[in-house]
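Shared between the two complexes below is chain A, which pairs with chain B and chain C, respectively.
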Partner chain A sequence: MNKVGQSEVRVDGYDKATGRTKYYEDRMPADALYVRIKHAEKAHAIVKSIDTEAAMKIPGVVKVLTCFDVPDIPFPTAGHPWSMDPGHQDVADRKLLNTHVRYWGDDIAVVIAENEVAANQGVRALTVEYEELPFVLDAQKAMEDGAPLLHEQYPNNILKHTSNRLGDYQNAIKEEGLIKVEGWYDTPTVQHCHIENHGCYAYEENGRIVVVASTQIPHIIRRVVGQALGRPWADIQVIKPYIGGGFGNKQDALYEPLCAWCSTQVGGRCVRIDCAREETFVSNRVRHAIRFHIISWLRKDGTIAARKVECFSNQGAYASHGHSIVAKGMGSFHQHYPCPNMECDSYTVYTNRPVAGAMRGYGMPQASFADESNIDECARAVGMEPMEFRRKNIMPQGYKDNFSGNVNYYDTYRECMKKGAEIIDYERKLKEYANDTGKIRRGIGMATFWYNTAVYPISLETSSNRMLLNLDGTVTMQCGETEIGQGADTAYAQMTAEALGLKSYKDVHVVSCQDTDITPTGLGAYASRQTYVAGFSIKQTAELLKEKILKYACEVTRQAVANMDIEDGNIIRKGDKQVLMSLKELAMTAQYNPVHSEHITAESTYTIRNNAYSFGCTFAEVEVDIEMCKTKLVRIVNVHDCGNLINPALAEAQVHGGMSMAIGYGLSEQLIFDEKTGKPLNNNLLDYKLSTFMDHPNLEAYFIENPEPTSPFGTKALGEPPACSGAPAIRNAILNATGVAINKNPINPHVLFAEFSKAGLINDPWTEKEEK
Partner chain B sequence: MSQYKVVHCNINGKDVEKVVDVRASLTDMLRNEYHLTSVKKGCEVGECGACNVLIDGEAFNSCIYLAVWAEGKHIRTLEGLVGPNGELSDIQQAFIDETAIQCGFCTPGFIMTAVEILEANTLYTDDELRKLLSGHLCRCTGYENILRAVKKTMYRRLGKEIDF
Partner chain C sequence: MYDMKALYEAESVEHAIQLRLEHPEAQIIAGGSDVLVQMREGRRAGKELISIYMIDEMRGISIDKDENIRIGSLTSFSHITRDPIIQKYINVLGEAVDQVGSPQIRNIGTIGGNTCNGVTSADSASTLHAWEAIVELTGKNGVRRIPIKDFYIKAGTVDIHAEEGEIQTAILIPKTSYENTYGHYIKYGMRNAMEIASLGCSVNVRLSEDKRTIERARIAYGVAGPVPMRVPSAESVANGSVISESLLDEFALAVLNDINPRNSWRASRDFRLHIAVEMAKRCLAESIKRAGGVI
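Moving on, here comes the complex of A and B:
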């Protein structure tokens, strides 16, 4: 039986169901000192002085370090692979602690203490003298001349501006009879909200620094810690145990560099940094709030003549992943709905807000919200049904993107839309609901997306792998692509068993914990890459291991290597399928042979120079209570083509999680800031409005399995895709229900109240009185 | 009042006592004094449910329950559900079988609330189950498979056919 394509239970299921799984804090040395961070309480300021005397007098406080003590080394934090090209390296714009405070929550000092209470008391006892500066929270306002400047080397706060030009937009829009559909679309600042906050601990061992961290990217963290401390990278050892979710927040160097440095300041003793939930919201990373301006020019026949797209991405205080996010979002437009004339510009702009970094979808949920909102209005403008308009204009089969080399091999988009529409009975409901006029109105909407798999050709794509034949005939496998909850280890076990011819995925022991001293170098978990990229190195390494096994078997069985194979954990003769010996017999013989002893192992690196389009769509059905300005999501269906499913049950579960994130993005989640001070106002799980058990209908996930030809296992991206198209589908359903086009998310009652008032759907006596 | 106090209680069926800091939460005591690391810290202010344990049969966020209040109480954590030879309880097996576990960080808290639900010997509707489970936050699963796991186990325990 095939090992891939089966809904096997997770390899870490038993330990997680019994609470045995160890996360970083469960491995904490008992003598670790507590490091607590003093966060600035100004949105923009210069720290003039920090009085540490009172803090130092608190019993248990060991040391206080401030922004005036740290090494003068700016470093980058983004979890990107290192680039040998200096022009392609991440922006190094922050220090371990900063004297120039650039957002409310910036790190300006630490207190190291023997216990948590003393550390917290110490932080409260610090007296900070600031020179306050004017601040700016909005990306477009930050671009204006005379706006407060965050980083001197970036005039008008523009971290980067890139454009994409196709054909001749200016000339194309002169065509007679074109219909113009223009809109501004606003997406919010949201946070990852993995249930385990980021944390780490660090200590010195034999003159090197060991960092144990809740991270998605141990090998990249090693490099960043080395950079930040001015130490050779090999001086750093990073260990990644199981982690309680990441979603991109932990694809960044968060507090690992600061923690490592603090250890060096107390003689190499073990120190710990544990983010509180309130810190996770503000002083880790958030999703970029991006504002889009789209102008679509349509012909009466429903074709698109030209499009203009402007994107303003709110970076917050430091570069982190920076322009990569909006660049990816902007790059989606011309591929999603190919059009001969396009003028696209994107700006990434520093503001005095929390730092935006990677988050599930990496610019696509934002772009998808804007694009799919605008496309729905385009359909209405030419009097077409929204799905029909998409079928007419969406990326066709055979489309090739010359930059990534991606090809749309199948007619996937249309297949996904067809399936989703049938399941939810889209076409009938669309017509039926359009005439709803009561106080409670029903609506149905849809949206589509595409997503890349991994990051080739923008950055290095590589995966390394090590396999060891154990004495019982099982195989131990290690790679640098991390398990972060998504189920990667289980998929690896299935692919390894398949590639080697083992009896079961249970015969593969995936070493889940990455240790940069031991684990083959990999890049970690991001870009929906793990299963795809690890697939290459698993296949290649399995073939190397198999070759070694059969070569040794040749000595024992005297059968030619070419005449043998491995099936169900046995070495067989191909011609008659006769079992020659089991892998266990072979391993024991090889290890304990007094004449020729061998521990059979293989290791290899595969450089991936491919990418793959992943596709899908969401259908959403809503009930809108006009007077209460509330939306109830009645039904939601996602359909994905991520190639062959390695593990259908895990794939479905992963889609559920992404759909949930998309529902929050569409209806409830956002971080809000006090306009007068820049202070975050709802950085806790109560006020932030993360979706709860009661905010969801059943989540329905379906697949179209078109095998991806570039992958040895026919698979491609699924981790991030489910988060992309949910919010605009909900938005379009609300449009269908009410006739009101909402151009910002989350579409919460505050937004609906304003929009319904404007549209005359509700009359608010209070507002009317004010106006009079 | 002294800063330390002896707390006697029964944890997972065993009578125990330890000296604890009177300021410590039950989460701190269970994790630090008894090494019951299934009790997770996700917010420490009673919002996320990761630290949930059963106190005299009732689900509580142990992060906002003082350790000293545990005096004389019966406390159950996820570790207590496992049999002497590592046997899983039905609800743990259901979480595995229904793919209700991803990163696993919210899992212990969820399972303990599920135990409270199941021990009520009541056939709840989906809406009721959603409400009973809504004290827990999860970012990985969208709650879908957790509902399936709890619902299926509830039907099995009550000897009823499931209507999915």
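Moving on, here comes the complex of A and C:
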């Protein structure tokens, strides 16, 4: 029986369901000191002094360190693979603690104490003297001449500007009879809200520093800690236990460097940093708020003559993943709806807001919202049904992207749209709801998304793993691609069992915990890459291991290697399928053979020089209560083509999680800031409206399984794609219900009140009276 | 780990009063769903606490000798929702407190804490105002009973005489208030759980025998002002009026004479005024329906 393609129970399922799984806090040494961070209470300022005297007097306080004490080493934080090209390396623009405060929440001092209460009291007892500077929160305002400057080496706060030109846009728009559809689209700052806040602990051992962290990227963290502390990279050992989610926030060096440094300042004692939820919202990473300006030029037959796209990405105070995010978003436009004439520009701009980094979808939820809003209006402008317009213009089968080398091997978009439309009865409802004029109206909408798998060719794609044959015939497997809650370990076990010919995925023991001293070097969990990239090295390493097993078996069975294979955990003779011996017998014989003892292992690295498209769509049905300014999501359906499913139940769960994130993005989530001070106003789970399951209908996930030809297992990205098209589908459903096109998300009651008032759907006669 | 100076555990109402007199600076804690949050935020860090959570005599719902519904102040929200007396006579209160936070908070949070906080958004408060609840306070000088509208002094401040060792021991609903009366509560939140009301509206009616006329209508809001408030203008429009579609509109528009919501980043005044009118209308319509009337 196939080991892949089955809905096997998660390898970590039992422990997680019963609460036995150990996270970083469960491994904490009992004598760890508490580090609590003093966050700046100014959006932009220079710290003139910090009075630490009162804090030092608090019983239990061991040490206070400030921005004046840290090494003068700027370091980068993004969880990107190292680049051998210095021009392509991440921007190093922050120190462990900063005297130049660039956002409300910047780290300016730490208090190290014997217990949590003393550490918190110590932070409250610090007195900071600031020289206040003017601040700027909006990306386009930050680009204006004379705007407050965050980093001297970046004039007009522009971290990076890139362009994408196809054909001749300026000439193309001169064509007679073109219809212009123009819009500005605003997406919000949101946060990952993984259930386990980031935290870590660090101590010195034998002249090296050990860091145990809630991270997605242990090997990259090792490098960044080395950089930040000015230490050789192998001086640092990073251990990644189970973590409670990351969604990209933990694809960044968060407090690991600071924690490691604090340990060195207290004689190598173990110190811990545990982010509170309030800190996670503000002083970790957020999703980039990106503003888009799109102009589409259409012919009456519904073809697109030319498009112009401008993207302004709000980076916040430090570079983190920087321009990569909006660059990915911009890069989708010419592929999603290919058009011969395009003029695209994107800007990543520093502002005095929390730092934006990686977040599930990496620029695509933003780009999808803008693109799919504009496309829906394009359809209306030429009098076509939105899905029909998409069918006409969306990427065709056989399309090849010259930069990545990606090929659209199947007619994925049209297959996904067809399936989703049938399931939700889209076309009938679209017509029926468009005529609804009641106070409570139904609407239906859809949106598609563009995505790809892993980071080739922009960055290195590599995967290493190690397999060893245990004495009971099972196999232990280790790799650097991390389990972060998504179920990667289970997929690895299934793929390993398949590649080796074991009886069950249960015969594979995946070492879930990465330890940079032991685990083969890998890059971690990001870019929806784990199953795809690990697949290559799993296949390659399994073949190496198999070769070694069969070679040894040849000595014992006297059968030619070429005549043998492994099936269901046994070594068989291919010709007559006779079982020659079990893997257990082979392993025992090999280990305890007094003449030729062998511990059978294999290890290899695979450099992946492929990428793979992964597309799909969302259909949403809403009920809009106009007077109450409320949207009820009645039904939501996602359809994905992520190639062959390794584990259908886990794939479905992955889609459910992404849909939930998309619902919040579409309807309720947004981090907001006080315009007068730059202070974040709702950095807690009460005021930040993360959607709850009471806000969800049943989440429906469907798949088209077109095998991905570049993957040894026929599989490709599914981690991030489910978060991409939900928000614009909801937006388009509200448009269908009410006729009101809303170009910003989240579409919450405040937005509906303003938009419905503007559109005359609601009318409060007393409002005017009151103003007089 | 909470930054608290001391925790005193009260074993009875008398003991709680005594502890209060001994530790005038101490904060009373019941379920802790507000106090511990504030303590963690640093607002009440380093304070002494008097826990009244173990005083079982303050827990439960009964009908007293004067036929008042008596709700012990320590009764949890989930208990209130499931209680047969509440379900029979004032079901709307059970529905209102069933919209507090999450199941975990409803199991630990108490109606006494909800009202003693003095906040305008408390889910129980608008319904208790609309049903003219009586607050019972017990101190060294005995029991004092005051109407709930007098209990709320200003945002965050209620009428408890701490210097007399007072604690809130019960909330009473008089028979004249609940007899033959039916109501409805709408909580307006930005999501369907884990929410504090952007606006809360509670309406109840008593109809004439033929169910065509409103004998008595009462309406109260939370978050329409600094403390929960009744809306006399709307009530006088409805009282004695024949039920009709236009009455709903007149009643709803009349609320604008009395309410005074604020502009804040959580919601604008205009938005709150808009939904207040719609909520009044929907609450009245549902209350009439529940009372057996037809619009």
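By definition in this document, the second predicted complex is superposed on the first by the 767 of 772 C-alpha atoms of A that agree within 3 Å, B and C clash if a C-alpha of one lies under 4 Å from a C-alpha of the other, contacts with A are read in each partner's own complex, and residues count from 1 in each chain.
Operating definition for what follows: contacts are C-beta pairs under 8 Å (C-beta built on N, C-alpha and C of every residue); 3 or more make two chains touch, one makes a residue touch a chain.
Small disclaimer: the values here were computed from a predicted structure and weren't measured.
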Original post:
Counting only touches as set out at the top, which of chain B and chain C does A:668 meet: first, second, both, neither?
Top reply: second
Original post:
In the superposed arrangement, which partner chain does A:234 touch: chain B (first), chain C (second), both, or neither?
Top reply: neither
**OP:** Could you tell me if A:689 is touching chain B, chain C, both of them or neither one (first, second, both, neither)?
**Re:** second
Subject >> Which of chain B and chain C A:117 touches, first, second, both or neither >> reply: both
Subject >> Contact breadth on chain A, by residue count: chain C or chain B >> reply: B
Original post:
Looking at the overlay, does A:579 come into contact with chain B only (first), chain C only (second), both, or neither?
Top reply: neither
Original post:
Which holds for A:659: it touches chain B only (first), chain C only (second), both, or neither?
Top reply: first
Original post:
Of the two partner chains, chain B (first) and chain C (second), which one does A:753 touch, if any: first, second, both, or neither?
Top reply: second
**OP:** Figure out whether A:242 sits in contact with chain B (first) or chain C (second), or with both, or with neither.
**Re:** first
Original post:
For chain A, what residues appear in both contact lists, the one with chain B and the one with chain C?
Top reply: 117, 685-686, 691-694
Original post:
Given the complex with chain B, which residues does chain A contribute to the contact?
Top reply: 7, 9-10, 12-23, 25-26, 117, 192-197, 242-245, 247, 276-277, 484-487, 649-650, 652-654, 656-661, 663, 684-686, 690-694, 696, 698-699
Original post:
In their shared complex, at which residues does chain C touch chain A?
Top reply: 1-3, 42, 45-46, 188, 190-196, 198, 253, 256, 265-268, 270-271, 273-275, 277-279
Subject >> Touch list for chain B against partner chain A, complex >> reply: 23, 36-45, 47-48, 50, 77-79, 81-82, 86, 88, 92-93, 95-97, 99-108, 111, 130-131, 133-134, 136-147
**OP:** Using the touch rule from the top, collect the residues of chain A that touch chain C in their complex.
**Re:** 115-117, 120-121, 124, 627-629, 668, 672, 674, 681-682, 685-687, 689, 691-695, 748-750, 753, 762, 764, 766-767
